[in-house]
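The chains carry the letters A, B and C, assigned in the order they are written, with residues numbered from 1 in each.
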Amino acid sequence: MSPILQGLITIVLGVGGCVTYFYLSNLVLDKVIFPPKGRDPGRNINRANMVRPWLFLLPAILALGTYLAYPVVGSFWRSLFNRDGSQFIGLGNYEKLAGDDTFRQAVMNNFLWVLFVPALATFFGLMAAQLTDRLKWGNFAKSLIFMPMAISFVGASLIWKFVYANNPTIGLINAVRDYFHLMPVDPLQIPFWNNFFLMVILIWIQTGFAMVILSGALRGIPEETVEAAVLDGANAFQLFFKIKVPQIMSTIVVVWTTITILVLKVFDIVYATTGGNFGTQILPSYMMQYMFRDDGRATAVAFVIMIIVLPVMIWNIIQARKETR
Amino acid sequence: MTKHLMLGIAALALSAGLASAQELKFKPGSEPDRFNWQSYDQFAKDTDLKGQTLTITGPWTGNDKKLFESVLAYFEAATGAKINYSGSESFENDIVIAAKAGTPPNIAVFPQPGLAADMAKQGYLTPMPKGTGAWIKDNYSAGQSWENLSTYMGKDGAKHTYTFPFKADLKSLVWYVPENFKEAGYKVPQTMEELQALTKKIVADGGTPWCIGLGSGAATGWPATDWVEDFMLRTQPPEVYDGWVKNTVKFNDPRVVDAIKDYGWFAKTKGYAQGGEQAVATTDFRDSPKGLFDFPPKCYMHKQASFIPTFFPDGTKVGQDVNFFYFPAYASKDLGKPVLGAGTLFGITKDSPAAEAFVKFLETPIASEIWMAQSGFLTPFKKVNPAAFANDVQRNMNKILLDATTFRFDGSDQMPGEIGTDAFWKGMVAYTTGDETAEQAADAIQKRWDSIEK
Amino acid sequence: MAAIAGQKSLLTWAVNISVVIMVVAWLIPTVGLLVSSFRTTDQISQSGWWDAAFPVEKAFRDRIPGDGETQADGKYVLTGDLLTNGQNAADLKSGTVIKAFGTSGIKPDKYKAGETADLGDGGTLVVNKDGSYTATSATSFEGNGPRVYFVADMPPAFTLSNYKEVLFSDGMGQAFINTLTVTIPATIIPILVAAFAAYALAWMEFPGRGLLIAAVVGLLVVPLQLALVPLLRLHQEVGIGQSFLGIWLAHTGFGLPLAIYLLRNYMVGLPRDIIEGAKVDGATDFQIFMKIVLPLSFPALASFAIFQFLWVWNDLLVAKVFLPANDGSKVMTVKIADDLLGSRGGDWGILAAAAFVSIAVPLLVFFSMQRYLVRGLLAGSVKGG
């Protein structure tokens, strides 16, 4: 069977299957198991409504459980074993991490990444969304800013090589320095600051993400509130920061959270540019260098990363509670 | 009825296999003064694997993949088996994932003995057919060292021959442009002392002697490990090298630190390497030889393994536009002519009659000669016909391999992955840029090694 | 009044200019790659992409052809044209201007074109701008002409060969189809599943909801690499093995947390009165979801669809692990990484072309979806609610 046909059939079956599942399961629930009739229709409706959320959630829970939760639990167990998994060593892997200078450096660098990348990407994304909003060529400008999103992380690292390379005939920065008769430097070897040069790559990519989501949110703001503010004589800046931003705050939080979590996962950029040399190691790339060699240590790093996300998780739960109250 | 059906399917599969089989590059029987067709005919007569399929994964992609497949075509033609080869840029990860998930290929081609040893220990490799170890020892030059490379501890706690080395690379080479040497009046150095003198002379003449580039993405730093290994072999007896690889000689042993400093003399002395320390640390190893070909030359010499001509500018003719010499040994030390090399090792990850037959096929001279007659193939196999080589350049390279008094495999490839493919690389980068002294870098690597429990 | 108008146009100018600056800043790196994708690897290492449109000075090594010697004034003379007779003739166009020449590689531009170089022993060499040369010697050349180096301006050259190599390599068409086969179901299925789950998490009351939301956020950060080995083993055991079905399921699982998280947050923001109104009118949750929430959430669905599409499209790791390694089921990223780049990791021209080939479809998707994004938002009844 040709893959096109196979693909088409799967799309139809998969999508159709999903829709049928949701439709039929609801039908069965309402008509067969707890029909709103008989002796106590009200109780039946209540019962059906207690079950229904789980019908809606079932496929998602199954998929999440199998594809994420199960490996996570297995991995945690694995992180308590030694290099080849033959011996239980308790928290030995975590102790080793604590004693490793590179690990400590990776944590520090990751702290910088988490601090700056989500903040700047969200900021630039918000700026781009707002500024292009009323522009005639706004959609065109948006597409151009979005373009980096379409490039793989490795491709992006390659692109930035044409900016950072220390050979003045390849790297743009050193070409400019060369023009002013300055000695070439390698931006990726300048201690401390090289972290920021690498962050620029991820910010460059993620601004498009922030922009798309935030521009949707900006357009969803009810006209009335804006018009009222204009009538009150608010200028453009007041309008933006005092009226619009507070209204889309929850979306900003979502964007921020998503990018923060991405920062804790993306190893490709560091991997493909510096390979973690010159003091640029971060946790995801640190984990990758143990992956498949010393799975005990690699999984331990993964759990350290998950612990770092804990505050973000808690905060999201609180937020969810507030919204639905 | 079902039997007929099965036969029909088998026939169909077979014909499909034949239809997709590659054309044979050299017609069996042609050029008998280059190829050992007798070994091919004998193998074909002894082996019948009709309808069987053999899966192989390895590190060769692109052009190398095509070359390897041209060799596989002969196995297919001789036995009737079908081979699926897939190459991967990230072979090291893929094979581990496949083995752990229970989807291994029949045969895996390991570029690193360390990885093969790891997998053997975890029980993912099947020992080679009986007698393979002895065969390697008898038929390869420096056969003992090749046999040692293929022998690891299994899951059962006993040592077996687990892999079969096929295809070697030569690392101890220095590339230069003969025309540049001629114009400047430089002679190819025969000893390390002469090489050092030449380096100084080029600087005195206002030139830059070396192009060195350690850049390689996540693998940045590996070219420096080759330098250090070559110096280990040139300053210490091979036993010390072997001890170093096994960590019975510690990484921060003064003998190792001295070898690191010997590399530093070339890479870090001001004016010796094109662009200085910073450029050395990040210039991509694939870009660094290009300086040889500029006018005026950006550098005169480039130390790199036998594969590097792939990255020379388009149309460069090896042997004419560019040539190589053996990275020489110290005249003052009586250590012979040590050679550092690398190679690929075939291991059986899922046993089958076809897999064992394939190992037998690799033992035939013709399997090597087919690849030799094209490009990029060196071998320590003594029974192949040197006339099969496509050109003199390769023949000369292979001669260095066969003449070696000591042959040692790339040490970093034999160390545990965390060291040989990470800590060692990173340590060399930190040393090259001056972030760490040779002693500090060696200490850090040893510390990392200590943290791996045995 | 005029002052306000003036201020307004000033503001418009400021906005326009800042957007231009931002777009240019965002575009420069990509332009570098685009230009490089039309150049050969040798050109890329010779001059910066910003110089691609200008002629490049390049030094050549050549040897004056030794045959055809004539005698004049008691000297042996060789004449000819370096641009057509030399060893580099293939690389040179007629009309190339020679700027300088020399007799040793250390100073390839020692003499200006037209000057006379001293070859020693009474020999001389003149190379003119048009490539014509005259070499003289007191003794016969005996078939060996002298070495000559020259510097010429090479006109800018662009090539489509990188794209040709990427697009027309064996099996690229199949790989393209495979990529689509993987990407489309792996985009649609998680969205559908996530939408229902997100609705339940946003608008349905049940015990354990907060915990579930927390779990989703927690799972967001699970590194994919952790899951590969156990999942592949699971697939083997249940008989899915390495197949398209396996990769769809895997991408669905990996994409779900972000999908649920984004969609839930969007759905929570939908106007409460519409949904509660519908409930009062007796609509079931299924009806509310299908008729009200889903259409209203279209912008969020569309934007997530774009992200999931991009991520699946650019994925290399999952494809390598969950699809068999034969040619019939290779996707584009695998094809490019393993078959095209392979041993040519340093071939930046090919890398650049490959990058552009692989972003073409995602960009197309974005451009077409973008219209829906805007329309979906404006047509939605958010404001009315």
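Worth pointing out:
We adopt the following convention: contacts are C-beta pairs under 8 Å (C-beta built on N, C-alpha and C of every residue); 3 or more make two chains touch, one makes a residue touch a chain.
Because the structure is a prediction, the values reported are computed rather than measured.
The greatest centre-to-centre gap from subunit B, using C-alpha centroids, is found for A. Chain centroids computed from C-alpha atoms place C closest to the centre of all protein C-alpha atoms shown. Of the two interfaces, A-B and A-C, the higher number of touching C-beta pairs belongs to A-C. Computed from the mean C-alpha positions, the centre of subunit B lies at a distance of 32 Å from the centre of subunit C. Mean C-alpha position of subunit A lies 40 Å from that of subunit B.
Here the CA centre of subunit A is 22 Å from the CA centre of subunit C. The residues of subunit B that reach two or more other chains are 97, 287, listed in rising order.
The set of subunit A residues that touch two or more partner chains comprises 167, 288, 291. In subunit C, the positions touching at least two other chains are 45.
Interface residues of subunit C, counted against subunit B in their complex, comprise 40-42, 45, 59-61, 104-108, 147, 149, 228-229, 232-233, 236, 241-242, 320-321, 325-326, 337-346. Put simply, subunit B touches subunit C in their complex at residues 57, 60-65, 84, 86-90, 94, 97, 100-103, 179-180, 183-184, 207, 284, 286-287, 290, 294-297, 307, 310-311, 313-314. If you check the complex, the residues on subunit A that touch subunit C are 3-4, 6-7, 10-11, 14-15, 18-19, 22-23, 26, 30, 49-50, 52-54, 56-57, 59-61, 63-64, 66-72, 74-75, 124, 127-128, 131-132, 134-135, 138-139, 141-155, 158-160, 162-163, 167-170, 172, 175, 204, 207, 209, 212-213, 216, 219-220, 222-223, 236, 250-251, 254, 257-258, 261, 264-265, 284, 287-288, 291, 298-299, 302, 305-306, 309, 312-314, 316-317, 320-321, 323-324. Here subunit A touches subunit B in the complex through residues 82-84, 87, 89, 96, 99-101, 165-167, 184-186, 188-189, 271-279, 288-294, going by the rule given at the top. By the touch criterion given at the top, residues 11, 15-16, 18-19, 22-23, 26-30, 32-33, 36, 44-50, 174, 177-178, 180-181, 184-185, 188-190, 192-194, 196-197, 199-202, 204-206, 209-210, 212-227, 230-231, 234, 244-245, 248-250, 252-254, 256-258, 260-262, 265, 268-269, 284-286, 289, 299-300, 303, 306-307, 310, 314, 316, 328-329, 333, 348, 351-352, 355, 358-359, 362-363, 366-367, 370, 373-374, 377-378, 380, 382-383 of subunit C touch subunit A in their complex.
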